[in-house]
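These notes concern the structure reproduced below.
Each chain gets a letter, A, B, C and D, in the order it is written, and its residues are counted from 1.
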Amino acid sequence: MNPDRTSVDAERRPLGKHDIAALIARDIPQGAFVNLGIGQPTLVADHLPADSGVVLHTENGLLNMGPAAQGDAIDPDLTNAGKVPVTELPGAAYFHHADSFAMMRGGHLDICVLGAFQVSAAGDLANWHTGAPDAIPAVGGAMDLAIGAKKVFVMMTLFTKTGVPKLVSGCTYPLTGLACVDRVYTDLAVFDITPRGVTVRETFGPTVDDLAGRLDLPLLT
Amino acid sequence: MTVRLCAHADEAVAGIQDGSTVLVGGFGMAGMPVELIDGLIRQGAKDLTVVSNNAGNGDSGLAALLAKGRVRKVICSFPRQADSYVFDGLYRAGDIELEVVPQGSLAERMRAAGAGIGAFFCPTGAGTLLAEGKETRVIDGRTHVLEYPIRGDVALIGAHRADRMGNLVYRKTARNFGPVMATAATTVIAQVREVVDTGMIDPESVVTPSIYVDRVLQEASA
Amino acid sequence: MNPDRTSVDAERRPLGKHDIAALIARDIPQGAFVNLGIGQPTLVADHLPADSGVVLHTENGLLNMGPAAQGDAIDPDLTNAGKVPVTELPGAAYFHHADSFAMMRGGHLDICVLGAFQVSAAGDLANWHTGAPDAIPAVGGAMDLAIGAKKVFVMMTLFTKTGVPKLVSGCTYPLTGLACVDRVYTDLAVFDITPRGVTVRETFGPTVDDLAGRLDLPLLT
Amino acid sequence: MTVRLCAHADEAVAGIQDGSTVLVGGFGMAGMPVELIDGLIRQGAKDLTVVSNNAGNGDSGLAALLAKGRVRKVICSFPRQADSYVFDGLYRAGDIELEVVPQGSLAERMRAAGAGIGAFFCPTGAGTLLAEGKETRVIDGRTHVLEYPIRGDVALIGAHRADRMGNLVYRKTARNFGPVMATAATTVIAQVREVVDTGMIDPESVVTPSIYVDRVLQEASA
């Protein structure tokens, strides 16, 4: 353990989803172009400072998306990828789906934030399919997002409700993308996926040894 | 050739053949050509392959077409939604085929059809279930999947405004799949909110040039 | 010979380039989307009736191109593929090069009219390169035009100035495209390239037998 | 990241490295970023690969860059023009490499670079000199040539108007290669006639979204 590199705060309680969102928002550089996946990742937008200059992309064809639309601002022609009515900001641009996914796949987004069922030590992501035999497969833009952005951040709880780790040595759920995750933000710790292995950046409550005892993979610090 | 301005949805969808592949625009309700889909339900073509981002919601539109047993196969990225019970039921009963395609590959495969590209190597989905059985190749150290064009016999799309030549503009995120589908089908039928005189759309702002559009229906509700 | 199918007019003189252009214009259907290649094919535009509804495409990014610009209408931002200042007509649309060539390659143009050095009996086209050892190769959009349109019409003289046939059993110049030409308009005759062979549609002066005697390929009528 | 508005061409082209691949917009003079090319001449980077539709005319612009011996290779569709004597001389002397690419494949290869497509099968040029040595495949009975992306380290493009975020619109056929090149290079530098406040360009009419643009130079002559 190297206390210079890993911030362990045993006084801190595990983070709630809004805390994780705030943490991610803090790590998004000024002016970055960012896609926030459907679900919890959209909370990150609430924590970006007004002067962050961060430009949000939504894969259904808009750059510089604004907050969710309220009241009279609701326009059925203007939604995000989750089909929630949103707004546009000055300097927005609309484009069609082939152009939007070209932008994603071409590596032009700086950061994409995604939810996950599992992330492996190699950065494999599983977030689209439970693999249950009766599940109807539905992928949407998950695979495009996973492989396209310069950096892929995952936002998830570290364990399922029944205590099963979601950061694993190898995914058991069907994959969304191979070796595509760069960083994992969880309620208990933040991890970097590196060529050397999984590195703990920061913990919230547990020590690195606590975490290592509950996860089935080696942790670097 | 010259676009046909249609007075009624039944005229707009006339002649769609049994067994056709029909590209249907829209992402959720944004850009969904509801009057054209209703026209297709009345028109009666069956044994259809429908290519659309979703597989219908609730009981109307695409879901109604599915409920009537007129669709043999759906090619889409996201069939499963809170109220996609019509599709869910057909699928679980084995009464409909499903091909799930990543959303960007769905768009790009239609673009390829419209752009005369025979096939393309795409990194999306490499190493996943959706690439099983597909040819792959490592290019610059990265595994790519060979994807083939998706062509439509017919495209039904929703746009905002047309001129009398058939140039189209869209509105906000309702643009989505419309412009790509317009390039990828033999017969392109657009439902629009208004038709304006030729010359009233700025040539710099046209999204779908007239060459791609065969028939235009002005919405009855507009 | 089948006089019902081939129009032979021994009274007619060989056509000049304006006559050939007029002939091509006559065969372009109402409302067709057409690309006229650089050089003589551009003359076709002068012979389209005002009410033809024909929409001209130029590969540098414009649909519904108007006539050449004169005087104050000259705008350096608005040229055709030959870099000649042109005008736009009502209902025009601008697009970028990838979209323009997607339109061509995707088979959306009804007709493309091209010049040629040689056309073969199989419809192979040679129009970009003389093959001379010191020639600097330069193809532009010739190969894209050759393979993209639903119908490719060639406009050329039937013989070179020294009397060498340009409609040949096999091209000797480097090819622009394989089996891509549908019809050949020349000063002496119009030919269809068909799966059965070269069919004479119409002659201007010579009989089909005259032509057959001067060309090194079988002619059908 | 945030676009930089540059007061002078020298600032706009600063840092271009020897050995770079430089995409240069324009078709003839329409859309040609003359001030940026002049800046690159002053800047001094050498051993460049230039990707552009033509290979320079007369004695200025690209021709001047070539004349100074700073270009190792030209990738273009149409090097030979009435007044392309600078290129012609270098080529005949064996002092410059030339890769001729059909105009549409040139655009599509740059689009592929920008769109994350690893390679694509294209019918253009099949059976011709320009396909020699390239992999081919028959798809649906038609021979296709496998074409790979063309990526730029830098793109120099001409546009009509930018807002302060870097969204671009073009004017008439001066649009040509600009929007494609803007997607295909690591650093995209746009010369524009005017810079307007953010919000002054209709989001429906943006041709190059701000994400693609790194630096903007307002023309001195404007």
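By definition in this document, contacts are C-beta pairs under 8 Å (C-beta built on N, C-alpha and C of every residue); 3 or more make two chains touch, one makes a residue touch a chain.
Since the structure is predicted, the reported quantities are computational estimates derived from the model, not experimental observations.
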item	value
Chain B and chain A - chains in contact with each	D
Chain pair, B-C or C-D, that carries the greater number of C-beta contacts	C-D
Of all other chains, the one whose Cα centre sits farthest from chain A	C
Centre-to-centre distance between chain D and chain A (centres being mean Cα positions), rounded to whole Å	35
Distance between chain centroids, defined by C-alpha means - chain C, chain D (Å)	30
Distance between the centres, which are taken as Cα means, of chain C and chain A, whole angstrom	55
Multi-chain contact residues (two or more partners), chain B	108, 111, 115-117, 122-123, 170-172, 204
Junction residues of chain C - those touching two or more other chains	62, 88, 94-95, 101-102, 104-105, 147-148
Contacting chain pairs - touch in the sense defined above	A-B, A-D, B-C, B-D, C-D
Chain C contact footprint on chain B (complex, rising order)	1-2, 111, 113-117, 163-165, 167, 183, 198-199, 201, 203-204, 206, 209-212
Complex contacts: residues of chain B adjacent to chain A	27-31, 77-81, 87-88, 91-92, 98, 100-108, 110-111, 122-130, 143, 160, 170-180, 207
Contact set on chain A toward chain B in their complex	58-62, 75-80, 83, 88, 94-98, 100-102, 104-105, 129, 134, 136-144, 147-148, 174-178
Of chain B, residues touching chain D in the complex	108, 112, 115-123, 137, 139-140, 142, 144, 148, 169-172, 202, 204-205
Chain D-facing residues of chain A, complex	29-33, 53, 55, 57, 62-64, 88, 90-95, 101-110, 148
